[in-house]
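One chain, subunit A, links the two complexes that follow: it is found with subunit B in the first and with subunit C in the second.
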Partner chain A sequence: MTSRPFLRTFVTPAALCAFGLTAALLAILQYSVRAFVPGSLEPGGLTLENFTALMKPLYARVFLETAWICLLTAITTLFVGYPVAYALVHARSAVFKSLILVTIVTPLFLGEVVRTYSWIIVLGNNGFINSLLLKLGLIAAPFQMMFTIGSVVTALVHVTLPVMVVMLAAALSHINPVYERAAESLGASPIRVFLTITLPLSTPGVVAGVTTAFAWTFSAFATPQLIGGGRVNMVSNLVYQLGFASFNFPFAASLSLAGLAMTLALLAVMRFVARPLERIGLH
Partner chain B sequence: MKRVWTFLLLMLLALPAIPARAQEKLIVSIWGGSWRDLVANTAAKKFTSETGVPVEFITGGTIDRLNKAKLAKGNPESDITFTTSHVGWLYANDDLYEKLDFAKIPNSANLVEAAKISPFHIGTWAYVYTIGYRPDLVKDVKFESWADLWKPELKGKIAAPDFDPSHLIVVSAMLSGGDASSWEKGQDKLKALKPNFKAFYTNDANSQQLIANGETPVQVILSMNAHYMKREGVNVELVIPKEGGVLGIDTVAIMKGSKKVDLAHKFIDALLDPQIQAEAAKIKGASPAVITAKLDADTSRLVGVFTTPEQWKSQAIVIEHRLRAEKTAEWRKWFAENIMN
Partner chain C sequence: MLARRRNNWVGRFIVAFVAMVLGFLVLPALVVAIAALNAKAVLTFPPEQISLRWFAKALAYEDFQNGLRNGLTVTVWASTIALIVGAGFAFALDRYQFHGKRTIETILLSSLLVPHFTIGLGFLILAAQIGLARGITVVIFTHVILVLPFVLRSAYVSLRNIDRRLELAAASLGAPPARVLATVTVPLLAPGLASGWLLSAILSFNEFTASLFVTGQRTQTLPVAMYNYVREYADPSMAAISVMYIVVTATLLALANGYLGLGKVLHVDGQR
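Showing the complex of A and B:
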């Protein structure tokens, strides 16, 4: 006890938080197995109907579409974020490094709704991109970007990028520069150095970044709600549409639990698939 | 360590002093933004000048506030709650509302028929969900009936609220020879409208933004939103189809367990004062809930603002509020499964 005098002080709040979160999860669980009573806020007796109702093809489609959007977002964020993280780690000027960091982290400080509305202004029929393309004469009529999976993914990449860059930068900064210098001194071109040294050694960061981006995106709500315009729906939007907007809390709870189970299952699959890749990066 | 725990204990002991101060105020639960400002600048001002009791607002979305009220049952956070008529029935069914003593609300004698919702909640102002469109973007389409929404030239041009499909569900049923209680009759009709939908808006701001930038030049729109957009310079026209606009009424009620029931009745009376009602109608472009409200000519002329019994009768489709509360979940689920997804 004397060797860890603050243990109880630190553990108590954490235990209380864990207790609160577990209680909330249990409340969702008990709602999911209660019957919905139309016109009342109080749920009825025990039932599994909320889960059997999920067997419709519609819900399978939304769950699959959600997984697809998450995967697209994670991969796109990786491709956009890797060069940025590389520049962040390898830039020599402290001012340039700070500039990259501030630019990348800024989306996290904007409210989700404000950030999403800014994308509506950019992607709309009268938005920045369409206006520019029309002025340049490259298109004759506005190109429909809103209410598509592409626009939802674009906006989601914007908010996922900071997390990805920070994770990749942490992995890249842990690579001992001696390896890269040794390869260069042996005549390897910069591309070969990157492909054979830097990229393999940064795989733990890549795996962590992609997994986090995937899980982070799964719970997205405001972005698909506003940019998707009801035409692109993710699980959280379905929870809102079918559960909360119609006061059917038991069904909302069962949808939430199904979403949670699917996230955990997909993350487990990703973890399994990524295990050999992570081993490459051990150094 | 002991000092920290002692400090926390003293803080906890000091907590009961807080409600004692709160008793000096009337707490009103309402949506945020312009709704809060509307009540603060009209009824609350009058109430405070008459009673000396300040009004404090707690704001939130319809569902958030409903959930909070449910969790605080018997010991409510607010004395007064504003919500939509059919959602009010969910409060009432769950025994969250106090029964109103109409003798303590003299102005309630002037309520229009449609505003007499239940013994627990009454209308404060009314509006319609109807057809709004951008005449510059849908030049050759005339809107005289709800059936005009089905015209092929409107393919990919319409938006409707994603939070409440009751308007289109009931209209489709009516066009198919049914009504709200036999809404299934309109299912095929509504499915036929699917190609014309471009998006579904999620709130008032989203609706305004989609019609202002022309993304969805035709909307099943809240009349007050259309009036607001017009005042902001957006070229939007509102029509009441020959079948009528779908009436919506926002209501007020006293929360069960409130310690300030008498003051709450006084607040509601101030809210129903004809002058306050006229002022609110002017600010929002809404129909007043009392027949004695005298609106200025400009407000009276607004589409969807009803000032005569004839207008209330011929221009409004009224979905029975209790039925709407009970059917909301079923309608919402059907709409999400068959129209939105």
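Showing the complex of A and C:
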């Protein structure tokens, strides 16, 4: 055995962190099978009631709505992000490239609260868009945009767009330009080159982008909470409400667990569906 | 490239579309800036009178001050701990085969995938069980877990890119492993480690959902304080503090892009 200096020193802290995260997730698992004792923070005995309660239409609806919002956001982001990623990779001017990159990436680092608040000011009844439309005389009364799925999705697309563009650009920039040039020299129109060469070769980026956008949207809390205003409810909002308004931590735990299972299942399905596509892409 | 020249309307369409998307991304920040300068407490566009009073009010607001202090404490501790843990582990990942290598790596990277509200709830329950509820330690540890994947990734990439022969040269000249590490490896890694630290500091300072679960009244970070403010009040102090946030973040990002090349960090500069 060769000498491995610092092995233990370097691995132990990481192992402790991994242990902490595992313990936290196990704590959720453990709470999810315990009974809720009203008025007490201590959970009761073992039960599966939390999971049967998930089947109630009230909660099932929140899951469906969440999945729908995630899907809508991921697909919108894909269609909006693709041309931007394409332009980012193909731009000839370095200044234009940095401009796109910095503008794209900034919302990613802004934090959910600042971003959500900004959208409230843009979309609210006294907000920017309504004031503008009123001044221009296009509408007579403020147009209600807050508390709708559309505005929640708009604000969510704003934050998933950076990740999508970065992932698509990574895939696009690793396509060897030789293939596109070969197709062009054989007389394919630019649109045909794009549809038969560029698009299939960028599939790994599309899959990675859509999956990440989906998972991120699922994780969103402040945006559906503040812009949805209780009328659009996602799993995250329900978990918080159960924990901090009713102190029903066992049920909150089982909801998070079901949410995690749903995300993992969807990611697995997407990988599975994408595998044959990726094979074409990676030849 | 050729495609653009031959098919000008496609190129023009793409440019127009990209301009619109960039506008969409910038719009909220611009609108917030305008709102922050409004002298009146009620939102009006365009503002009738310009004033900086909301900036003064936001800076004087006690919850924001405490939030800033807590936020900076958590950010500095969490990014530094994550940097040490992550760089050390990346070193072991790169150089050695050992028991549990894949398992630890997978668990640490999984925090990228698990929703933040789940991680927050998990640490809240765990902290309550071991009697640490709502202390700053739990907040810091939660943030370490959340930023570790980013530090791990950037340290690992830098480790792959350094010239191992320099280490071998130092070792063959008789330097013990600790000296090689301190005088050769760490200095070579410095730029990668710095960018990893910067990235995790930005992420930690902005982290909200998990923090909402694990912080209490006394330990709330700035994003949590801001969230509580939005729920209770509607005056433009929130816009003012948002503007400060946006300016600081954009400046840091522009700096990071200038010095470190965001394109390289994010792997979008490929074969072109």
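We adopt the following convention: the second predicted complex is superposed on the first by the 268 of 283 C-alpha atoms of A that agree within 3 Å, B and C clash if a C-alpha of one lies under 4 Å from a C-alpha of the other, contacts with A are read in each partner's own complex, and residues count from 1 in each chain.
Going forward, contacts are C-beta pairs under 8 Å (C-beta built on N, C-alpha and C of every residue); 3 or more make two chains touch, one makes a residue touch a chain.
Since the model is a prediction, treat every value here as computed from it, not as a measurement.
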Partners on subunit A (subunit B, subunit C) - clash or fit: clash
Which of subunit B and subunit C A:128 touches, first, second, both or neither: second
Which of subunit B and subunit C A:35 touches, first, second, both or neither: neither
Which superposed partner A:147 touches (first subunit B, second subunit C, both, neither): first
Partner contacting more residues of subunit A (subunit B vs subunit C): C
Which superposed partner A:117 touches (first subunit B, second subunit C, both, neither): both
Contacts of A:13 with subunit B and subunit C, given as first, second, both or neither: second
First (subunit B), second (subunit C), both or neither touched by A:261: neither
Partner chain in contact with A:191 - subunit B first, subunit C second, else both or neither: second
Contacts of A:89 with subunit B and subunit C, given as first, second, both or neither: second
Partner chain(s) touched by A:106 [first = subunit B, second = subunit C, both, neither]: second
Superposed model, subunit B segment overlapping subunit C, candidates 116-124, 206-214, 242-250 or 296-304: 206-214
Residues of subunit A contacting subunit B in one complex and subunit C in the other: 9, 41, 117, 120, 124, 126-127, 226
Of subunit A, residues touching subunit C in the complex: 3-7, 9-11, 13-15, 17-18, 20-25, 27-28, 31, 41, 80, 83-84, 86-90, 92, 97-107, 109-122, 124, 126-128, 131-132, 135, 158, 161, 166, 169-170, 172-177, 180-181, 184, 189-191, 193-194, 215, 218-222, 226, 236, 239-240, 243, 249, 252-253, 256, 259-260, 263-264, 267
Parts of subunit C lying in touch with subunit A, wherever the complex brings them together: 1-4, 6-7, 10, 14-15, 17-18, 21-22, 24-29, 31-32, 34-35, 42-45, 84-86, 88-89, 91-92, 95-96, 98, 100, 103-104, 107-108, 110-111, 113-119, 121-126, 128-129, 141, 144-145, 148, 177-178, 181, 202-203, 205-209, 212-213, 223, 226-227, 230-231, 238-239, 242, 245-246, 249-250, 252-254, 257, 262-263, 266-272
Complex contacts: residues of subunit B adjacent to subunit A: 1, 63, 66, 70, 89-90, 93-94, 159, 162-164, 198-202, 206, 209-210, 213-215, 322, 325-333, 336-337, 340-341
Of subunit A, residues touching subunit B in the complex: 9, 36, 38-42, 56, 58, 61-62, 117, 120, 124-127, 146-147, 225-226, 229-231, 233, 238, 241-242, 244-248, 251
